[in-house]
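Two complexes come next, and they have one chain in common, chain A, joined by chain B in the first and chain C in the second.
Right after this comes the complex of A and B.
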């Protein structure tokens, strides 16, 4: 009897552990500081998580397909710089599609290398991290990029505007999450992504176009990155070349926290959203109870390892690893 | 000649061929483009290059054994920063006030112990939880960096000890102190990987963990030792570098993991484990530093360096795949 209970607890933890932890966090922080769960605070947390969140949604596809994307940070810097530069040269209406096209071209290149040439995604995207950073610096000449007329442009709407009483970045995050969630869970393409990540060889033998599926995942990731760059550029209307530096690992942390396996084949958009929100609320909650900003890094470290550990411990039925 | 000989020879020698190409290219291009009168292949310039390779190079030796082992360590940059802070700050602690210059070996030892322990902690977590090393060290990268920032906020930590600076700037037989440490680290890890049981086990585990377990190798402690080694080397890299500079910013060492992994992969170590050696890694480290210096020599800025190194990394991967595909049946997709 005791065994059954323990198994049930184990499987509950495995399936909904991250959600339970999230709720526990919310309750804990609310008790510590009642300001934590006020609508204003919640909105500001989600709003500041939106950029990271949109990127994490795209990377979820890549991770489920069994690959990694370490280039999203420098790619986001690239799209931010490009759209700010083109804004003054050809106007915002043309700058946005031009920036999307350029970012998608980079995504297509990575997708080609990883999908069709079957190169190791970790090294390819590591190389692209460096290469795209160099490309951005070459493009901007190393200078910060600023929009000349910050007051008179409608471009700021994506980062600073509101609609239906909600900030636009949140609405964009929700919209992208809903769209990608539908694609992943309700279309045949979504099922192909899981199949390719779960067992690539089996997927190939079942007639699933593995290369094209991986390629598409990187295109989706690049689209999300471009969207994040748009929000970032519009929010600040000026930017350094390194605005996205280091984000690739935070994004990956959010995706892993959501329970996607790095081996591929598992993860959902909903769980990634939870992962993003956990990171955002932890950061905010720790600040509200008066801890230093940097404590969040240490807490994130512990949470990532605990989350993945409990996940695999529940799957193998033992807490400690069987490695001798 | 057995099939595959050419590709093997090409691959094992490729990094050195690449280095020679770089030397020729930058020497010739430097004649036309360089602003300085000095030749690129100047002896002093090459010695300086070796010295400048040391911080990345020392860590890369540890990364080689960890990657051959089938793991990866993304936290080395943060470990590097923590060790630097321990080194510089401990020299000002009141309990060591009476030691005079004997505080230097104490501070070195403290920094090295801290680095080793941080590495071992990663290894212990990988061993006991079974969580992938990528995730464990990704988390540690954030966590260790958090510790760095908590220590002194955004402020740099500085302490100059002139005896230590003299030691770090000293030259012995024409080579700088840092270069000696790089060569020593290369030799020791080469010896460990090529001549000891521990080294052979590293290859065995990286190649096929199941088989290694069945052969009676204790995989867990073995991996933990390798993580301790890379932690130690990250700390060693920091103490060598900061003995000279005397000031550490909380952001120092960021992206080191990427540079180190790039050097190791260029040197021919397989990211999936089981193959690679430190001589190749040494070549990879030199190749990257040559590229940085050479591009600077012909007047290119840092942006070009990033661009070129990234593209070379991808190109190496494509080339490697082409060479490996010869004679192998490919699954048609």
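Right after this comes the complex of A and C.
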């Protein structure tokens, strides 16, 4: 009897280690500052995590397919700047689809290079990180972009509006997560993504179109980036060219924190959402505690590494590597 | 690109010298290597203002270069300028430490060096003739004065609570402005409490997140000081979204968005720092040195206070 309970706990830990770590960590911060878990604060954290979160959802597909996407930060800057610029030139109704088309074109280029030309995704997306940053600066001439009439535009709804009592960015995050979660877990395309990332050669011999699957993953990632850029632009109605700089690493951290393997083949949308929330709540929690900010850098990453370790240890059933 | 720019520049420069020689005037050949034109509107405006100022002065012949944020490229550009035997070099350092050896080389070649906008590290001061730029400590102090005066008008100088959003940790401008503000506030408004300080990294979105956390943490916030207006407007957006009125926002480096928020009555004041003044001051400093005038080592240009009360005296910033 005792053995069974122990096994059950073990399997629960192995499956939901990251979720348990998340709950433990919420309790810890709430004890440190009771304001941490108030509805206002929780909503404001989720709302500001939504931008990073939507990007992480797309990158989850790329990572499961066995590739990386380091270009999402500068691609988000690009989307934000483009949609803000076009807003005043052709109006929001046309600016949004135009921005999506331009961002998807970039995603298609990366997907072509990694999927069909089989170039290393780390190098391609690292290169695109710089190239897209240059493209954004060329486009804007380095100037900050601001919408002229900030009060009078309906464009602000995506970042600042509410529906059903909830901020729109949260609803968009939930909607995209639900849609992509269904695609990943309930469609044949989703299974192909796992197959390609788990064992690409085996997938090819099983008749799975490897190149097209990878290509589609980058298109999904670019769609998510464009959505994030839309929320970002709408939230502040103005932006500098470097708004997404450095986000690629936070996005990747959220995806890995959720338990996706960098080697591909594993990960889920739900766990990525948990990873995103952990990151958002750590940053907010440390601010509320009022820790000196130099120390915050250290503590943030200590917590992330600790969480990844606990997750892996729970899966292995051991704290140390079994083959060390 | 660098080589081509240099070749074109030197061709233009030599023809200009010949023309000037024919005219009998003495031409000063002044080279500038900038930090990263195009990365933000301030630097973009600075460059065009510098070129315009140089074109206006018939005695000046300018070689305008940009390091694109790359230290190695900037060092190579300084060496190019030494080779070209320019009369003076103006440098906007990409990195306060790494450029020192190149600056020393210029100094040893007998070429006067002016540092513009952001100073190099103290170890290099011996090789620099003058620093031309804003005084960030004074800017921070002036922001404290603007905020204190407003609190006195409102009659809350005895109890006001202030939060402080700084620029990127480790950046000289961020450190100096923070120091100026935090040292000056107790001198002018002894009872105002600075209750929290966190970095907004010069980023509007980051600053908005920081302010959201502050609003949860503190039920009573009377003033927000941000290291520049870009961050200040982020904080303002957070306060507006949370429905918290009556907070006095003071920034630095007045941006167009800050100016507009002041015009709308949402944002109280800032420090007016014009990239045009910055560029013109750098060029004038170099010319003054070449003409043998005595200059202070720290040759600051004035960055006045701007608030809702006097903003009519200033044009809207272009960045």
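To be clear about the criterion, the second predicted complex is superposed on the first by the 287 of 324 C-alpha atoms of A that agree within 3 Å, B and C clash if a C-alpha of one lies under 4 Å from a C-alpha of the other, contacts with A are read in each partner's own complex, and residues count from 1 in each chain.
Just so it is clear, a contact is a pair of C-beta atoms (placed from the backbone, for glycine too) under 8 Å apart; a residue touches a chain by one contact, two chains touch by 3 or more.
What you are looking at is a predicted structure, and each value in this text was computed from that prediction instead of being measured.
Within the superposed three-chain model, A:240 lies in touch with chain C and out of touch with chain B [touch as defined at top]. In the superposition on chain A, A:129 makes contact with chain B only, not with chain C. Annotation for chain A, partner touching more residues between chain B and chain C: B. Of the two partner chains placed by superposition, only chain C is touched by A:44; chain B is not.
Of the two partner chains placed by the overlay, only chain B lies in contact with A:256; chain C stays clear of it.
When the two structures are aligned on the shared chain, A:288 is found in touch with chain C, with no touch to chain B. Within the superposed three-chain model, A:142 lies in touch with chain B and with chain C [touch as defined at top].
Look at A:266: by the touch rule set out above, it reaches neither chain B nor chain C. Common to the chain B-facing and chain C-facing surfaces of chain A are residues 137, 142, 293-294. Remark: chain A residues 33, 35, 38, 40-41, 44, 48, 51, 137, 141-144, 146, 160, 232, 235-236, 238-243, 283-284, 287-288, 290, 293-294 touch chain C in the complex. Residues 113, 117-120, 122-124, 126-138, 142, 201, 204, 209-211, 246, 249-250, 252-253, 256, 262, 292-298, 300-302, 304-305, 308-309, 312-313, 316, 320-324 of chain A are the ones that touch chain B when the two sit in their complex. Only residues 74, 125, 127-132, 134-136, 138-147, 149-150, 153, 213, 218-220, 223, 254, 258, 261-262, 265, 271-272, 301-314, 317-318, 321, 331, 333 of chain B touch chain A when the two sit together in their complex.
Contact residues of chain C toward chain A in the complex are 37-41, 43-44, 169, 196-199, 203-205, 208-210, 212-214, 216-217, 230, 233-234, 237, 241-242, 255-257, 319.
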